[in-house]
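Each in structure tokens, the structures are laid out below.
Each of the next two complexes has chain A plus one other chain: chain B in the first, chain C in the second.
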Partner chain A sequence: MSFYKVAAAVCISAALGACANSTPTVNGDVRYGDAQAVETVTNQFGSTDLQTIAEAMARSLAQTAAGFKTRPLVTIADVKNKTDEYIDTRSITDSIRTQLLKSGTMRFATDIAGMREQTDELARQNTSGLYKQSSVARTGQMEAAKYRIEGSITSIVKRNEDVKDVYYKFSLIMTNIQEGTIEWADEKEIRKTSPR
Partner chain B sequence: MAGRPRASVLFRHAGLVMLTAMVAGCAGYSSQTAETVSAAKAGDLSEALALHEKQNASADKDLLYYLEKGELLRLQGNYQASRKSWLMADNRIQAWEDDVRTDPSKVLGDIGSYLVNDTTRRYDGRDYEKVFLNVQIALDHLALGDWNDARTEITKMHEREAVIADYRSKEIDAAMDEARAKGLRTTSYKDLSGYPVETLDDPAVRSLTNSYESAFGNYLAGFVYEALDEPSLAAPGYRKAAEMRPNVPLVDDGLKGLDSRLSAPKTRDDVDTLLVIETGQAPAIHSQTLPIMLPIPGRYGMSLVATPVSWPVIWPDPTNGVPSSVTVDGTALPVVMLTDVNAMARRALRDEMPGIIVRSSIRAITRGAVQAGFEQGTQNGNGEAAAIGELIGLITAVASVATEVADERIWRLLPGYYSIARTTLPAGTHRITLTTQYGVESADVPVSGPYAVVALRLFGPNLYAASSAANSNASAVAAAGQRAATASAGAGAAAK
Partner chain C sequence: MIRRVLLVLALLAATLSQPAFAQTIASKVDYVGTVRFLSVTGLKAKDVNGLLNLYIEITNSDWDDQEGYYRIAWLDESGFPVWRDEAWKPILVHGGQIAKVLVNAPTPKARDFKIEVSADANWFGSTGPASE
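Up next is the complex of A and B:
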């Protein structure tokens, strides 16, 4: 009898629960990790790729800049994303610029992306009447960059039933704006393979 | 032998009453939502919302409640409330993402679905629904002038797509392993005799890379990133959209013209305007009962039995209501359909079918085993025990048919098609006209700023419109309007 009772209870309770909704639950275990640790969660472009590229490019640029008589004044143009991944290349160039500024090997002029805020601030200081004239930044005094850094990131993705292979190439060049000559170029390649 | 009825007779009656109640309680989602959808289509959004609340009276609201409600509120022009509802839905999907990331087995194995049917599973949304929730929230943000929040939602969309991709591969592997372990022969819908295979083998379905990445979602991402001056993120959006909808000049121009558009001086008099045209509604899922040959344990051992199982079917939409052009101030612009939600839903079903087949098969085998056990008990027992065994055998047999319904849950009020047109307009209010099967529908929509998104939703005979400017100090919001002037709602409503 007990077998029948238990089995019947299972069947009927399961059947009656057929139309019931269940509530989702969340278990959260948050922990901090090392921001510099190698990240291999997926084979998409990740933090380790960004850091690797930024370090390699900053090192190469710093070596070149060390040969200049004075610290070159540089502006960074866009790095074109030619992959089909959503990669924020401005984040890469921000890291490169930060490392170069910290090393003191280059100076950077306001780039195109930051120019609107720069000119807005200049205009505000000069036209609002809110500031002491002696402290106001004068217009027409901005220093023009001598060099422009620009580049691109491309990728080749191949996959079969078992493996996905991603190859990234990040290329950067530095051009003498007045002379139109390329003074420096480098590239960083990354290959990542993962089972599908 | 007149007098008291035998216990088995009483049990039979009681069992039949129970079964009737069970069957009545398991109406499919399509029929549950029919009245709400019908009211919304007729333009009676207040009635649709009231019906929706009535259908979901329980305090424990599920994902679909918030999905459907968000769309009804959006149609009403109540973008704040719509966004709030969809963010509640998003919380539930984030819970699913957390489960997938931390313990996929929690999502993959759901004992209820093995015992009763798939509707006992927590509804986590179909893959494309999860992603379109991000898209719809982004459109709400845009209608409210919050471009940065729209950008955040689009970033969430990319991350969600990656989670889904990872999960789906694991789910298919798990289903195949389970099928092998149980000795199941049928794991493909192609082997289900009588199943409308053509619905899932349709070229429109097969041509999709997956069920969650959409050309529209990517194009919208490209446009938002472009408006926020982020070309490195805009480029892949346009590129992916062009890959999904190849050889369409309007889509190709997104990427081709990106650099020149960004380097051109920006003026507030010329507004790069993206017209988003949403038409129709997402499909319904229907149940179709077909037999499948399964190894069922019986009195004389294992035997292959043709067992009736209910399978989900999505039929193609025979009425493509996408207008071929949209007229802005008398000038016709070509409309390009980017995403067919019906095809994406069928692609999702195609991807889910191996798992559905395995779960349904195991369920049928389990029920067969339970029924055989009771029948065996009936044979061996006597008196009341035999009567109870007979009754439970009967209940199990009928219940296996009564509760065997396909999971028909699906976001019904999601638009059926996403189309776009793009043009540069002078800042100001413009008359936008669409020719539909119901006649000519118009809306007066203000645009300003270097970039603007104008969202137009055609649902039934009604046109709803909203616009949002990028980089302008004040968001320009035009809310829902309808052809029937009495039913218009929201600020700046404009429709004829």
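Up next is the complex of A and C:
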């Protein structure tokens, strides 16, 4: 009896082995692509536009910040979407911030979007009575940003019977918060044309 | 005499601290496929506030507009990558035009670079000149 069981197990294993792939994948119709490739599926705002804008702005900011005596402490405010499309502008500013932090040319203070979590954590550490006093982050010690980065994205869309043309302009400025002066500004333009 | 020695040492130090780009254009460019119309014909590099800046000229040798793509691999002195893969950037070069591209390194750690250039019209694999 045990001989039959072993034989059956061997047969099943062999059958499964014959069906198995030589690559570590589960067969299906899904393919992974190159996240850095130029995306031209439609002429709406896409991944290549996001990557190109974030890279251009981060590089320009890094070049300016590299000329400062000390690494500037900045905060990122809103980038207004003035186009007709839905564009997650937060994703663009997140990419810019990530690249600048990785480059080591700028420091970032908690922005308005992250302030709630920051103050909640401070309050929890200071008021819950759960933590050793020596390890508690003290209130009133947060560093204030010296510069604020904000901007906008606009578009001009034109179409005739043959062609649709989309022009994007992403503008960013960096303001000295105390003095109210604009210390840096840059733009990135993108044109996309497709047949209709 | 001491002044001369110091001057020579200073010049030597300045030369050694230069980014490793005093090489031929060909050694700094990787083409995807076989080039037909778009190629890098000019390349300058300089250090600005500790960041490597590149000025690249891409020439279209055809009379028609050509679409190409480029990106830079940023490397340290030993040729090790210091930044993740950049996204490919599309570039339209009009017929007979020399497109000028100015880019700066993302980090002061970048001391060397390699430019990757691709184009729709390039020959790839079996679409090479022999099969035309």
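Structural remarks
The working rule: the second predicted complex is superposed on the first by the 168 of 196 C-alpha atoms of A that agree within 3 Å, B and C clash if a C-alpha of one lies under 4 Å from a C-alpha of the other, contacts with A are read in each partner's own complex, and residues count from 1 in each chain.
Keep this in mind: contacts are C-beta pairs under 8 Å (C-beta built on N, C-alpha and C of every residue); 3 or more make two chains touch, one makes a residue touch a chain.
These figures come from a predicted structure and were not determined experimentally.
When the two complexes are overlaid on their common chain A, residue A:Ser103 makes contact with chain C while staying clear of chain B.
When both complexes are overlaid on chain A, the residue A:Glu143 reaches neither chain B nor chain C. By the touch criterion stated above, A:Gly67 is placed in contact with chain C alone, chain B being left untouched. In the superposition on chain A, contact is made by A:Asp84 with chain B only, not with chain C.
When both complexes are overlaid on chain A, the residue A:Asp162 reaches neither chain B nor chain C. In the superposed pair of complexes, A:Thr42 makes contact with chain B only, with no contact to chain C. Of the two partner chains, neither chain B nor chain C is touched by A:Glu179. Here chain B and chain C are compared by how many residues of chain A each touches, and B touches more. By the touch criterion stated above, chain A contacts chain C in their complex at residues 35-38, 47-48, 51-52, 55, 58-60, 62-63, 66-67, 99, 102-105. Only residues 18, 22, 25-26, 58, 60, 62, 92, 94-96, 98-99, 102-103, 112, 115-117, 119-124, 155, 158, 162, 166, 169, 221, 229-233, 235-237, 239-240, 243, 370, 373-374, 377, 385, 388-389, 392, 395-396, 399, 403 of chain B touch chain A when the two sit together in their complex.
Contact residues on chain C toward chain A in their complex (touch as defined above): 48-51, 53, 69, 71, 83, 85-90, 103-108. Those residues of chain A lying in contact with chain B across their complex are 1, 3-4, 7-8, 10-12, 14-29, 42, 44, 78-90, 113, 196.
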